[in-house]
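Below, chain A partners chain B and then partners chain C, in two separate complexes.
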Partner chain A sequence: MSTEAVERRLYNAMWWAKVQSAGPLEVDPDTPAVAGLTRAAAPDGSSVWLVPTLPSGAGHGVLDELDAPPVAVEQPNETARILAICVACCWTDRSAPAWPGSTGTLAQVRSVYAGMRGRPEQSSDLTLIIGSLRRLHATHWLLWDDKAAEVRLGPRVITWTAADLTTLRDLCRHLPEPPAAVLSPQVSPVDEQELEESDE
Partner chain B sequence: MDATLLDAEADAAVLRVYRQVFAVLAREAGAMIVDPDLLDADQAILDAFAEAGSDGLTVEQATLACRAYPHDVIVRRFEVLRQYGAITKLVDRPNELRHRAAFAPYVMLMFLRRMSVQGGQGELHQLLTLEAHSVSDPQATADDGSASIGRLTKVFRLLGNELAILVSTSTTAQLRENAQLAWGNERLIEQAEKVHRLVLDRWPELHRDCTSLRMALAAYADAVQLAAGRLVERAGTTRALGLLPIETWLTFSRGSDPGTLAAVLDGLLFDAAAPDFSAQTMVEAVETGRRSGTARMAPPRPTADADAPESAAATDREDLRAEAERVLAGRPSVDIVEVIDEAGDWITARRVLAELTAAHLHDELDYELVWSDGMRIDPTAGTPWATEGVFRRVVR
Partner chain C sequence: MSEQHALFDPLLQDLSDRSRDEVLAAFSAVQYAAHPVAEVQLAGLRDVTLRRQVQRMLKLIGRTLVHVDGTHWTAGYDDDIAASLVAQGWQPLSVVDRAVLVLVLIHSVAIPRSEGILTGDSWKSARPTTVDELRTTRISGEERRLALQRLRAAGLIQLSGDHSGGPSYIPGPQLQRLTPAARRRLQDQLILAAAPASPIAEAIRARNGVPVSTTTGGDA
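Showing the complex of A and B:
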């Protein structure tokens, strides 16, 4: 094996190890491509997410086949509902892929949630919603900004297939229409940096 | 006469070797070794003889040398081996205690062991190499080629038959256990085809034998394909990968050290452990959420109130009433024999009777069916034997 190939292998192995332990990674757009990882560019192009690409048929369905328990998540149904609501709020152009989508707000999510439940909003709803949003943020299904109360779809949604998207399109039609988003004014780059630091 | 005697002697020698070879297979006359531990015992005995050198061993010495095994097992195996000539007396005289072992059973034993470990695939590869070697030998004759082809044909027939029978008759678990029959089949077929090519090039007159070999190979390939198809179909997309049962994978992943596990995963990309939200789970979650949350739904109402379809029970009741009224024809009561005769044959009569009984049993209908003791017998009637009774309106 040539030196170059060995280096290439090592480079891939390093990124793979990172992705395998931490999930999708946000990296500088200048990072060279890594085999097996799909690049999901952030809407403003400032960064790129590396998401592992699994061959079709190698997803979570395999766990069922092996009778192995899936990765546990707290309040799985509630969390899945919030994810569905966020898809309805953030995936505005339904003919385009779900990634990157647009930014949605907490107000939208709350409104759709109450609409789905078919009753006026209750005080306990907000706790459930915020909890689910944080859980989904931690697993990169959503990008949830706690301070601005804004949400975007996470890089993992890039793994949804065309069939998944068709199902979701249908689901979005069944959910109540979200009100128009009222976004908070764009944060300045300095603030953004502070935000990131405080996140870590 | 001389020639015949010589022949007989050669035959006897062959027979002796065969007896020795099959000694390890036979626990007693006609019985085969079914337990691999017995092979171990045999090997221990033969090992002891190898150690003993030219002096040989007595039965007691042999059991002492094999004390790792139960005494009676060793004695029994010793007897069996002696019976089949694998172990013989050092000098053939009465009361000779010392024995010697022949080497052929040991060779057979090694062969059996390898067969049991590798399922005979290795041997088959070697056999194919040997056959290729012998048919390409410049001194080989057409007869050698024909014999070679014949042997290979039989081997592949047996292999293909076994697999085909397994595919058609056995469970998936059995099929998976016997999957080694399908392993490396491409290499085997390739090697066999090489022999086939060599033979056909050298002795074109053997084309008939070659055709049967080709057919055997094709049958084997088909059987492999069928078996693989069944395994894949039954086992899902992933479990058939190694043709191993799922427990094997689980045991491996639990029992391996980090180094081994890392080596397996080297070059494999997988996602970090994360909960999965497929579109389907989201749809289901939203559905259940909607149901639990919404206010109580009004029960479904018939669209048109006026001509609402009656329930099946009501329809049945009205049908029975109509039938009862038809039978009564305005009278307060009617004789059953009359009803039956009116119906004509028994097939119709029993249907009428069934409906009258149903009317009798119905809670909301005021009819009753009362049987009496008499019986009407009339060979000319449609139903010659009829119990007398009365069907009547109940007055409340």
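Showing the complex of A and C:
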């Protein structure tokens, strides 16, 4: 193998090791391409996210058949519910790809959550919602801004296929319509005290 | 759907459809299953030729096969890649998360091992670390709570089944992804941190040839 080929292999392997240990990475747009890592450009073009992709036939789907579960997600039902709600709130142009989508607010998420449950909001809802938002942020499914109480879809959604998007479009039709987003850098309705008891 | 994959296709294109499926299934199992998978369960692990292809795929992404208990396989970071990342200062875990993880490893593995209760070089242990043992004046309760949450989500620690004295933790399944060299590094670092003046620490420094800083060589 030529020196150049060896160096390219090492370059790819290093970046893959980084995204496996830290999750998708936000890098300078000038960073050279890495084989197998797709690029999700930030809406303002100031950076790109490197997101791992796998050949068809590989990935978590295989684990079900093997009865070998992945690392468990805590509160999986709540977490999946909040991801679905954020898709409904942030993927407003459903003829376009889900990434980068638009910015949604905590107020929208709370409203759709209560609508989905078919009852007025309860005091424990916020704890569950914030816990799920943080969990999904940590795994890059969402980009959740605690201070602004605003959320966007995370770079991982760039790997959703046309078939996935068809399923999600259908799912969004079954969710309550989110109210209009009122974006403001001043909004911070998250009561930190209220969140202290979550999860431990 | 059969989209091109820039990294893996050159390896996979020469395989028959059946071999390709078996290699991809084994690759996915060692990469994404929380626990090591049994060799007998997958042709891609049983068959030496197919397993070599799995290993080649893993090499491309900085990983390697790790044999567990002689019967199971998982994947961890390749030692050379891990060393290069460390040399670059790469560290995805915050200092608080590492501190809490080290406390769990000390109470659940290092102490039982020094008492002869745990044998071998595995970082698997059933000895729970209680929340009391994790209390330290250097880390606030809230910081500790969030660190425990992140470490659990990463599979680096897990709740122990023993709830008699409140929640307690044991090392998570990810620790089984450590290669033999990484397991030894972690053991050495804990000795250097816990007993830097001991003869065994002296021997470790001599073996490594250089004074070693007290970081944890975790495979997270």
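We take it that the second predicted complex is superposed on the first by the 184 of 200 C-alpha atoms of A that agree within 3 Å, B and C clash if a C-alpha of one lies under 4 Å from a C-alpha of the other, contacts with A are read in each partner's own complex, and residues count from 1 in each chain.
One rule holds in what follows: contacts are C-beta pairs under 8 Å (C-beta built on N, C-alpha and C of every residue); 3 or more make two chains touch, one makes a residue touch a chain.
Worth saying up front: this structure is predicted, and the values here are computed from it rather than measured.
J.: Label the relationship between chain B and chain C on chain A in the superposed model as either fit or clash.
T.: In the arrangement built by aligning on chain A, the partners chain C and chain B clash.
J.: I'd like to know which partner A:57 touches here: chain B for first, chain C for second, both or neither.
T.: A:57 sits against chain B and chain C alike.
J.: Check whether A:14 is in contact with chain B, with chain C, with both or with neither, and answer first, second, both or neither.
T.: The answer is second: A:14 touches chain C but not chain B.
J.: With both complexes overlaid on chain A, does A:156 touch chain B (first), chain C (second), both or neither?
T.: In the superposition, A:156 touches chain B alone.
J.: Applying the document's definition of touch, where does A:164 land relative to chain B and chain C: first, second, both, or neither?
T.: A:164 contacts chain B only, not chain C.
J.: For A:76, using the defined touch cut-off, is the partner it touches chain B, chain C, both, or neither? Pick first, second, both or neither.
T.: first
J.: Is A:174 touching anything from chain B or chain C once the two structures are fitted on A? First, second, both or neither.
T.: Touch partner of A:174: chain B, not chain C.
J.: With both complexes overlaid on chain A, does A:117 touch chain B (first), chain C (second), both or neither?
T.: Once the two structures are laid over each other on A, A:117 reaches chain B alone.
J.: Looking only at the overlay on chain A, choose which of 258-266, 294-302 or 384-392 in chain B hits chain C.
T.: Only one listed stretch clashes with chain C, namely 258-266.
J.: With the touch criterion stated at the top, can you tell me which chain A residues are shared between the chain B interface and the chain C interface?
T.: In chain A, residues 13, 16, 20-22, 36, 53-54, 57-60, 62, 65-66, 70-73, 139, 163 are touched by chain B and also by chain C.
J.: Which chain C residues qualify as touching chain A in the complex?
T.: 1-3, 5-9, 12, 20-21, 24-25, 27-29, 32-35, 37, 41-42, 59-63, 77-78, 81-82, 84-85, 90, 92, 142, 145, 148-150, 152-155, 167, 172-174, 220
J.: Which positions of chain A touch chain C when the two form their complex?
T.: 9-10, 12-14, 16-18, 20-22, 35-36, 53-63, 65-66, 68-74, 135, 138-139, 161, 163, 196, 199-200
J.: Where on chain A does chain B make contact in their complex?
T.: Interface residues on chain A, with respect to chain B: 13, 16, 19-23, 36-37, 52-54, 57-60, 62, 65-67, 70-73, 76-81, 83-84, 87, 116-119, 139-141, 156, 160, 163-165, 167-168, 170-171, 174-175.
J.: For the complex, give me every residue of chain B touching chain A.
T.: 236-239, 246, 249, 266, 269-286, 288-290, 293-295
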